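Presented below are the structures under discussion, each in the form of structure tokens.
You will see chain A twice below: alongside chain B first, and alongside chain C after that.
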Partner chain A sequence: MKFFNRRQRMMIGIFFSIAFLVIVCVLGNLNTEAARVTDFSRKNLAPCSSYIFGTDWLGRDMLARTLKGLSMSILIGVVSAAVSAVVALVLGIAAATLGKTADSIISFVIDLIMGVPHILLLILISVALGKGLKGVVIGVALTHWPSLARLIRAEVIQLKESPYIQISAKLGKSRWYIARKHMLPHLLPQFLVGLVLLFPHAILHESSVTFLGFGLSTEQPAIGIILSEAMKYLVTGKWWLALFPGILLVVTVIMFYVLGESLRKLLDPNSVHQ
Partner chain B sequence: MKKKIIAFLCAFSLAAGVFAGCGQNQEQTAQTSGVSDEKVQEGLQESTKDEVIVTMPTTSEPESGFDPAYGWGAGEHVHEPLIQSTLTVTNQDLEIGLDLATDYHVSEDGLTWTVTIRDDVKFTDGEPLTAEDVAFTYNNCKEKSSVNDFTMLEEAVATDNTTVEFRMTRPYSIWPYTMAVVGIVPEHAYDENYGQNPIGSGRYIMKQWDRGQQVIFEANPEYYGEAPKMKKVTVLFMEEDAALAAAMSGQVDVAHTAASYSDQQIEGYELFRVDTVDNRGFNLPCVEPQEKDGITYGNAFTADVRVRRAINIGIDRQEMIDNVLNGYGTAAYSVCDKMPWYNEDCEVAYDPEEAVRILEEAGWKEGSDGIREKDGVKAEFTLMFSTGDSVRQALAEDTANQLRELGICVTTEGVGWDVAYDRAQSDPLMWGWGAHTPMELYNIYHTLSDSGIGMAGYSPYANEAVDQYMDQALAAGSLEESYELWKKAQWDGTTGITQEGDIPWIWLCNVDHLYFVRDGLQIADQKIHPHGHGWSIINNVDQWNWE
Partner chain C sequence: MENKMNLEIKNVSYRYREDGRQILENFSLTVSQKERVGLAAPSGYGKTTLCKLLSGYLKPDQGEILLDGKPLASYRGYCPVQMIWQQPEFAVNPRLRMREVLLEGDAVEERVIHELGIEPDWLNRFPGELSGGELQRFSIARALGKRTKFLIADEISTMLDLITQSQIWNFLLKEVERRGIGLIAVSHNQELMDWVCTRQISLEKQGP
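Now for the complex of A and B:
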């Protein structure tokens, strides 16, 4: 650790986490077919050199399934986190710039959604939309924006009091102009970090809602499906079905977290020169 | 400083108190657990005489209680109602025997069934069971039952104390099979809470029901038949993995289990298998796609009868049983294998070359991707299975693998039952059927003129000859006569639902019901179990005994 200063360590963290995630995605998508192939001649194999994660009761290669599952999770995480973030950005800025009434309505909605446990709301939305990929993505997207929206709103309110915005307003610039030209650039770093930090949440919630049976359909190699199927076979000693997918899920989530934290430290003026 | 010392002392004494408390508690729990261990030991020794603990899937717990009007015994999964007695019973060979009834006969036109009943039977509350109670039970079922079909019954009338007349809306020769599953309830003690506190005249009395956990039955000391050998039967509701764990820790005497756990060795337990007609198979919609009321009926690929024939002989059922069921199953060729009304012409031999030949002859030629096609239609379909059912999923996957060899592309998809019925009208679905009544054939193959597109209810199919045989079977004068007609409905030499006929459903296997049974427990001979891995096993629990 002495060889690198903090900034370099952050860069390494970012590099490794991005590399890991990209590798998982690429391998996962190369293994789309392998993840679904069933072969009863190789069912219930413990980890060995040809199937390092073992196989399940349908003779599916757990390594391929895990990678495909994770890449699907990452995809769902990215899509729903991106949608969440856009919703958060628009509402956050709107709350802060459109005046008192809009602000109180939006704040109320934020509080309302934050008041209901994520997973509950997520299950409701997913089931109402007929489950599947669509249900999960929309469900995650609609439940994860409030925390980020609140952050942005607070930031915008603070910004509004700063002299250069006040002056800009006095000069007769429109609200839209101010929001676009002055506020957005200021908010972008925080927004990006918030976006990245939404991924792990989204992924974990996607897998839990699928695990509970309200998400993706069972023939798909989603990580939640893998884990819930593994539960049935744990009692017969097939530990590999849950262990490796579980560990990889945690690693993926940690990688996103490292990425987000590193980005934050690099972009935050307070820590960037340490 | 002084304050700090005092605070420290206070904290110390508090902590000491807490730890002391812990120590005591631990000792106490150790003591009590010692006691309970002894109790358990005693209990085990006692249970070697006349008690038995049986596990069942959580889905077997009757949601509306033990009321025949809401499906107890006479529901989706038929079984003997234990608490109540029935007019008739199904014998070991699944023909009809008598229980409460002493005699029954049907009028020439098939519209009136007259049943005389025993006059010495009492409900467990001491009141005698009369023909009035029988009539009340059936009229009540007709009025309320949503799980079983009673539309053929006009009304039941008690003509005297021991005679009851069933007036029918249409001839229904297999009525004795309905009488074998409807438990007679007491009119004087029946209200909306009957399901929670059932009173009957059967072999057992329901003592206790802890919803979501267990039901305890005790033998009825006043039972009019042979006294039950098992005095107490406890049924625990749990998933298969929990049942396995319960057996491993020696807490239960009979644990239901699945083929995927069949390789487990549990000390002191033996694997017990029961033949079933609990079949799995998939439907093949028999018409070209058409839409009505937002539902698509039919499938362009499976509408070709030669495709259906090729699929039927192109599937190696034994390979499937070995792989998916670890060998615990038998090949199925119809919805009613081994039943008295089963037509053995349904059986086919696995012949992949012939299957390929049929497809070639029908014009389904292999394309560059190895998938056959004809006139722009690809040889492909989606095979659905109910989400979370690992056996059906495995069967679907294996079907897909095997049909791929014939050049047919099958995609599997897990679906919930909320959408499965509608989608099965156009895409094959992995079903599970099997009941102790020929009505099952009717439900699957007979057309329903007033629903959907006027074809069979679960998958589009229509054949007038098949319909006619089944109508005649229902109108037959005797059960024996009706068996022959049910067989003809399957294959009469020229048409039917077999390989040479229209083959609208492909049947794959009958899934053995598996149990881990504690050594020393003698389970009485089982009838072929119907669909449902639950109550059937304890149909004759009164005759079990410990060695």
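Now for the complex of A and C:
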């Protein structure tokens, strides 16, 4: 890996992960129909040249189903991670700037939510909202913000104490100027990286909640549904039903992770020249 | 410089909450705009605390700090008393280019920037790409805005080499003289203090 310097390697990582995610989304949405079509003349086919992921017990093309499922997972991940990150940003900044009472209330809520296992809270919220897409998105969004909010709160509190911000205030700069010029450049990388690293979490939790039967309904080809249905057929030797979707799910999650890590390293000014 | 201002500190006491030790007790001092006052004391006697009180970063537990007869805290916006911090690395935002750091100051003159030996190329760099001495020039330039009436120099040259020290102090003396800015300097270097200051004060009898 001596052909590229670290920065270029990061750029390549970002490029490949984004390209992979975009391709999955596009192919998944092109294959919406193909993922639903059943054809009993081709059921239970092992992976071959025309169906490289094989077909299931209803003769559905597993490649199309996997891609469709993944693109749904990515959509859910992006939406819920974005909502979650915005909640985190607002509450984090509010906790750090609005005074003691606000801080203790928000900190209490953060601890409260972090104290309950994600998956449990997620199931509760999802079931309470009637499962389905809405329940899962809201559930994931409401359970994933505390860690990022805590990070942002700590960062703002630390920033407020730093000499250059105190100096800026003495130079007559307004709160708004200081927030925009001094705080935002520090918070933005944290926020972006936090946001991107929330995606894989959100996707994994979406799949697990769906796998457990508290998430999306069974007619939607979500990756969690595919995996949970495949479990029933695994014992009869149809390994391809779970293997390929599982691998692709892991690859998707890793791609988001690579994206987040590369972004973090790129946005750190200390690594500008590496 | 028709109307001369005084920076007064009257019967001020201060202690940090955490350790509860009294740093300053009933301390008074008046500095006029014509003066260059040196503060001397061993480490831990409250020199930096006094500097921060004088420039409004800290509020005294008792007593008051007056600028031109009015409490320093009543000056909104740009503070006429500007302090130059000991460590320039912390005094500039690592994510802003030096050009922006200078823009924060109050219309810092091109002449000041030039005479401090700041090279145009440095303006496009980030703080991490400059040395301590180079950064200190920037924080001095930033503190020398149009409305600055008093300058507090808290060991600003301690970590610099002798040539840079003399460059910076030569410039500061000239600038302070020309604009009638009152100077309060802290240093452990006795020769430097003898050369720079018109009056020297020891905090030692104040000490713990």
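Here is the rule we go by: the second predicted complex is superposed on the first by the 255 of 274 C-alpha atoms of A that agree within 3 Å, B and C clash if a C-alpha of one lies under 4 Å from a C-alpha of the other, contacts with A are read in each partner's own complex, and residues count from 1 in each chain.
Basically, a contact is a pair of C-beta atoms (placed from the backbone, for glycine too) under 8 Å apart; a residue touches a chain by one contact, two chains touch by 3 or more.
Given the structure is predicted, the values throughout are model-derived calculations rather than measurements.
In the overlaid three-chain picture, which partner chain does A:Thr236 touch, first (chain B) or second (chain C), both, or neither?
Only chain B is touched by A:Thr236; chain C is not.
Is A:Ser104 touching anything from chain B or chain C once the two structures are fitted on A? First, second, both or neither.
Neither chain B nor chain C is touched by A:Ser104.
Looking at A:Lys173 after the superposition, I want to know if it touches chain B, chain C, both of them or none. Which is it: first, second, both, neither?
second
For A:His182, decide between first (touching chain B), second (touching chain C), both and neither.
So A:His182 only meets chain C here.
Just chain B (first), just chain C (second), both, or neither: which does A:Lys43 touch?
first
Name the contact category of A:Gln158: first (chain B only), second (chain C only), both, or neither.
Neither: A:Gln158 stays clear of chain B and chain C.
Once chain A of both complexes is superposed, is A:Leu58 in touch with chain B (first), chain C (second), both, or neither?
In the superposition, A:Leu58 touches chain B alone.
For A:Ser217, is the partner it touches chain B (first), chain C (second), both, or none of the two (neither)?
first
Considering the complex alone, what residue numbers of chain A touch chain B?
Chain A reaches chain B through residues 38-40, 43, 57-58, 130-131, 213, 217-219, 229, 231-236.
Taking the touch rule as given, give the residues of chain B at its contact with chain A in the complex, in rising order.
240-241, 244-245, 260-261, 263-264, 323-324, 387-388, 390, 393-394, 397-398, 400-401, 412-416, 419
Which residues, counting only chain C, touch chain A once they are in their complex?
Spelled out, the residues of chain C in touch with chain A are 55-57, 77-79, 82-83, 85, 87, 90-96, 100, 104-106, 126, 128, 139, 142, 145.
Name, in rising order, each residue of chain A that touches chain C in their complex.
Interface residues on chain A, with respect to chain C: 162-168, 170-173, 181-182, 185-186, 269-270, 272.
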